[in-house]
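Note that the chains take the letters A, B, C, D and E in the order they are written out, and that residue 1 is the start of every chain.
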Amino acid sequence: MIIEYLISALGLGALYALLTIGVALLFGVLGLMNFAYGEIILAAAFALYFFREQPWFFAVIMAVVFAVVVAVLSERLAFHPLRGADPVTLMIASFAVSLALQSVARMTVLPRAQGVPPESFLSQRVDLLGARVSVLDLLTFVLCGTVLAAVAYVMGRTSLGVQLRAAAENFQMAEALGVKGNRVIASAFVIAGVLAGIGAVVFVARQGAVSAEMGLQPMLVGVIGAVLGGMSSLRGAALGGFILGVGTATLEALLPSSLIAFRDAFLFTALIAVLVVRPQGLLSGSKVRVS
Amino acid sequence: MTANFDSPSVLSMHDAGVHFDGVKAVDGVSLSVSRGEVLGLIGPNGSGKTTTLNLLSGMLRPTVGAVMLDDSDLSRLSMRKRVHAGVVRTYQSGRVFERLTVFENVEVAALGAGLRRGAARAAARSTLTQLGLDDVADLPADSLTAGRIRTTAIARALAAQPRFLLLDEPAAGQNETEAVQLIESIRGFAREHGIGVLLVEHDMPVVMGTCDRLHVLDSGRTVIEGEPQRVRKDPQVIEIYFGKRA
Amino acid sequence: MDLVIDDLYVQYGSSVMAVQGASLNVRDGELVALIGQNGAGKSTLMKAVMGWVGPHSGSVMIDGAAVNDRKFSHLKRGVSFVPEDRGIFSSLTVGENLRLGGVTRRDKKALDADIERELERFPVLRKYWGRGASLLSGGEQQQLAIARAMMLNPRLLLLDEPTLGLAPIIVDLIFDVIEQLRAEGVTILLVEQNAVRSIEVADRTYVLQAPGRVIGSGTAAELSASPAVVEYLGFEPNDSGKAAS
Amino acid sequence: ACGGNSGSSDEADEIVIGFATSESGNMAPFDVEPQQAAMLRIDQLNEEGGIGGKTIRAITRDVRSSPETVGTAATELIGEGIDLLVTPCDFDLSAPGASVAQSAEIPAVSICAGDPKMADRTTLGDFVFSANAGSDVEGGTGAAWAADQGWETAYVLQDESIEYTKSAGAYFQATFEELGGEIVGADAFPGGDSVNIASQAARLRGLSPQPDFVYVASWNPGGATAIRQLRESGVEVPIVGPAALDGQVLLDIVGDASNIYYTGFACYNYCSGADSEDLDAFVSAYADEYGSEPTSAYAVLGYSMVSAFAEALADVDELDGPAVRDALAEGEPVDTPVGEVTYFSPTCHKIIDFPMSVINVDGGAMTFVTQQRLDSVPDLGDGNACAG
Amino acid sequence: MTTQVLVRLRTPLLLCAIAGVVAVAGLAGGPTVERVAVLALISIVFVTGLSTFSANSGIMSFGHVAFMALGAYTAAFLTIPVPLKGTLFSQLPEPMSFLRELQSSFVVAVVVGGLVAAVLGLITAPGIARLSGLQSGIATLAVLMVTYNVLSSWTSVTRGSSSMIGIPQATTLWSGLGFAVAAIIVAWAYQSSRSGLQLRASREDYWASVASGVSVGRHRATAWVLSAFLCGAAGALYASFITSFNVSVFFLSTTFSFIVMVVLGGYLSLSGAVLGAVGVSLLQEVLRRFQDGQFTGGSALPAGVADLMLAALLLVVLIKFPLGLMGSGELGQRGRQQQTDEVEPQPEGASA
């Protein structure tokens, strides 16, 4: 029981961390709290549904492609013209993008929820310390770790990360120094798209369902996890997402069934408490001097 | 304006220090400003002037030492409480309330100092007149030129009923004439209301012409304190700060 | 490098016309100063040279090419700019800021050497190499901004109040650097509040009056010949300083 | 859909039905197909000469899944002189429209709301109806069928997200106990779009002995996900659920899982074994009209609803509100593609004796098991007007 | 001096006049338009409440619909006829059973609805006072999440996800107008008060306001509680108009549609909020009719086009006016409205 709980909590934590990194990436560098992140996930999920008859691996690749295309398109059409606008404006714009994508999806390809049949090797279980652990949980874990490491490497160790942060902070100055601002910012959306795609693969494998509204939940997880963990630090965001996931799973395991309906109330009260005690999030990002 | 003359008379810092990631930005500095005098704080870039000002104003808490107002310890008080005690600062970068009018900018500070509405309006009006901002009173602050934005920031600090005013490079970005004019009006204001001024500035004509005393910092430590003319001739200060041209 | 500004008008939004009919030129290898009171339009003019604000009318040409042309690249022409708000990237470290100055350069060895040269010049940058740039003091940031602009090995250098917030000793250093660059043949346009000193070092000086009009230009002697300029400046420029140095 | 031709035509030889339903927004999936099926039936009836000689004219308004718009649309439709208002498939969305109709004394019929309150004349008023059986009937029918299988112990997995699922669970439980069964355990999960029932599944698996079956009181897609996760975590006993699990999406989500049953409204296209000519005819007529077959059995409810109108209004001359209401409440049995159904009664404005189709999901296929009717709804003391 | 006061009074007068126009349009336009007008007036009450907090503090709140929910539930408890309450709330826990006997007039219900919401505001105020920026936005969202979750799960008291029904219809065009005018006056009075001014200063620059002696937390909390009251009152008005409601109304989609109103008009401006509420209500109705084909002679647009157009419009407005139509200005006041001046033209070469 305990081991099973642990595995499921860690699995959910890893999934949430995966979802959070993408939101935190765009926020950390562009100051964009992207509510349309859910619809990028939706695009990937739709690809998984659309190509459900094809080999799984192919569907996964298409999912990432779809997510990247939607992410980059949203940048071109909405966020590019709003470069340098204040964070609230950006956030509301992302919300408009989210609404638009959702209604397009509903009007065209996803008027109602659709199922994606389980991929048999993912739903298999292996015995680990006497507990039955699903391949999916293990995969989520590995993916989350790899993705976090890869993104941290790109953002922290490569010149792209530096150029990206520079272009986001002061576009003109960065361009004057030779940074290809537009290209670099678009690449942030590509990375966010890839992350959303991978997140969607895991999410859909767990839920099996694809619907026009499905982006809401992962988006909320991403946004809340990112704020909880500390907005401009990727590690913090991953930690925030992870804690959110483990917290959710723990509440489901511990709450008596008469109280289980109040799971979210407990969770969000805890969130408020954490924020009040540590407004900057668990791991705060870079400090900025006031002068 | 109701300057309260029987209130505290000296703002001081005793062996105060603060460090960031191992760098001692301010390291055992003691200084004091009395009501009615202008103390100049100078030193090379990065010597800890702004940090000293942060310690005095409550933006930072000293890791060692204390900030005192006469005999009471301010070290643990928040910036806001220190404003109420009469210690008011400006920022190096102005920081006006851009979308409020110039009048409102100044009125806020008067309200923040605890004045009632009518008194705050009156205080704001007289401060604006003294600093020559009457004609722009009803304009949003962000439509002003850089120089007037800076003046607005100073007017705001004056309206907060300071007994001690901490100014961080108020003359930066002004040409000589403008700078001297600005400082003169501050000086006049300070004299009139008995305000102690701590002035951080790199503009030498301004510093030499305004300050009663100079306090020189280097690497967070006091180098010398004294008469402007004496400090100006100090070989160590010339070496680290003024340079050969001086 | 030749910079020619001809009858330039620049407008912010729909109401503020910050520059109205300014014409000036900087010839190859020249050090030209631009002075004027707050709000005269000096910074706006600089931004127009960078193409950051579009001309309402008139033109800005560098070596005969219009800067607001789509194909014009300041980078390829070797134009480097230190803006008045410094343009430091506060989310990057000091080192990252400096390296970003040379982001387009392929000659990594030479870039490292240039970085080394600036670190020698401004030791404080070496001290704080790995620290967040926004944590630096005002003057330290200004040094970083200047050092970064040098990473491009500019042929035309635009300096907007490079000595803002610097201690006198560093101001001297900056003026030394400026003269050294001029000696190397770099074309420089310098905006300064310190009018006396700018006129002193510059080959020629333009005096700008709000809203962005040139009211006089030339050497110190030529400027003092114009009563309007003398009245505006509040002092009579002379060449004495320059002769001395 | 039919446009709003509001041209004045001769009142006497026309029955005007207003549809204030969701064609867009998140509730649209529940309304679109039943409404299309209803339009299909209207066309058929008009071709056969209308109802009692009167042609039926439909006016539609998209309420965009928003309760405020339902009220506005209802007001507008009543202003255009409709005789009967059709409201969305959901009680909460219907209620504002129904209240408007109630005050105008125009009967309002929800196209398929499953909430027992929709049928209660004392809650929204006596002009309000639902053309569906309701979650109470569904829960009860599931229990009755399970009891018929000889299963004695049940475990309830309750989805807490909406009233429908709560009420289905409660009525399942009450009926099953009334029929002599025993509830050996119950657990709950919050439901919604993101379902993770690992710990609930672990608790259930730890039970020894295992119950005879599990009742999953949930809806799609969360319910299907829950079932998938139950099976993946190794719960092997039969699973029973209500009609909201119906649809192709259930098959897709649970994949190859087996031993799953639910009480649906009908078994057609994606389901086999019902062998009903009437249903086949309905499906092919629907496909002819709209280019694709219906994706859930809710569609047939819309179709049958219009048949019920026709049955009730055949002999009514004066189409004023109270007359229409009384005619509807008379409770004549109606022929529908799934069999004979009594729609309304003077005390209960919905269907009790609905012949629910028990459908088995096994290895990626759905097969018809049997039809099951409930005799009566147990009284839980919650004021359900149709109980007892 | 007096002329200055008159100038300042122009804003609330103009805004009240706008509310008046809405009411008159409702009066003249027949029952359907009347419904839309009443809903628009209720929206005005809500957005003035939201804007009391958001416009002055600069913090976008996602949580105010929680206050609306409390107001609506309070109105339900106070105005549903006692006999019906007996059946609706048969499972009410003992300490709360007095609610079953309670009965009050409409106006009392609206005021008490506001007060109950203000109590939630008070409870959450210490947290809100401490937080800035997006953290604060997320905290307000958390307030909504908790409220929604409790309302939809505490079945014995709130009837859970089951609808509240049988609320007597009491909100009319006139009472709607009355409350809208009252809300506008309250919001405007707060904005011009010393607390409002100091809060706006903190919105412009937190650290500068602290350095001016402003206790940001206290003013934030004040605005938060006051706005909770107004939004609670809006909730009670809503309940008394729609007569039955379900908890699912008080969640994200409603939150977002109010935010669209506030942002379109200008989220830093009270006038912006009011104009946004009226404009979006009108637009929604026009789009609805468009989609039903009422303007195009019966040929209906595909379902969902209305949502899409609303989203597209929001985006276009934001790109043209990043701070909404009013920017941070107010109707009838001199000075800037939308400040596009700040946006320097992109160098053409940059986008190549």
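Points worth noting:
The rule we apply is simple: a contact is a pair of C-beta atoms (placed from the backbone, for glycine too) under 8 Å apart; a residue touches a chain by one contact, two chains touch by 3 or more.
Since this is a predicted model, take the numbers as computed values, not measurements.
Between subunit B and subunit E, the least number of touching-chain steps is 1.
Looking at A-C alongside B-C, one finds more C-beta pairs in contact between the chains of B-C. Of all chains, the one whose CA centroid is most distant from that of subunit C is D. Greatest Cα centroid separation from subunit B: this falls to D.
Mean C-alpha positions place subunit A and subunit B at a centre distance of 47 Å.
In this assembly, the C-alpha centroid of subunit A lies 36 Å from the C-alpha centroid of subunit D.
Chain geometry summary: the mean Cα position of subunit C and that of subunit E are 50 Å apart. Residues of subunit E in contact with at least two other chains: 153, 207, 303-305, 307, 339, 342, 344, 347. Residue positions of subunit B with contacts to 2 or more other chains are 50, 59, 91-92.
Residue positions 103, 106-107, 172, 216, 261, 263-264, 290-291 of subunit A are each in touch with at least two other chains. Residue ranges on subunit A touching subunit C, taken from their complex, read 29, 159, 162-163, 165-166, 168-170, 172-174, 176-179, 232, 286-289, 291. Residues 194, 197-198, 200-201, 204-205, 207-215, 268, 328, 334-336, 339, 342 of subunit E are the ones that touch subunit B when the two sit in their complex. Looking at the complex, you find that subunit B touches subunit E at residues 57, 59, 78-80, 83-84, 88-91, 95-101, 104-105, 107-109, 111-114, 117, 120, 138-140, 142-143, 153, 156-157, 160.
On the side of subunit E, the complex with subunit A involves touching residues 58, 60, 124, 126-127, 130-135, 137-139, 141-143, 145-146, 148-150, 152-154, 207, 252, 256, 259-260, 263, 267, 302-305, 307-308, 310-312, 314-315, 318-319, 322-323, 343-344, 346-347, 350-351.
Within the complex, the subunit A residues that touch subunit E are 33, 77-78, 81-89, 91-93, 95-97, 99-100, 102-104, 106-107, 171-172, 175, 181-182, 216, 223-224, 227, 231, 261-265, 267-269, 271-272, 275-276, 279-281, 290.
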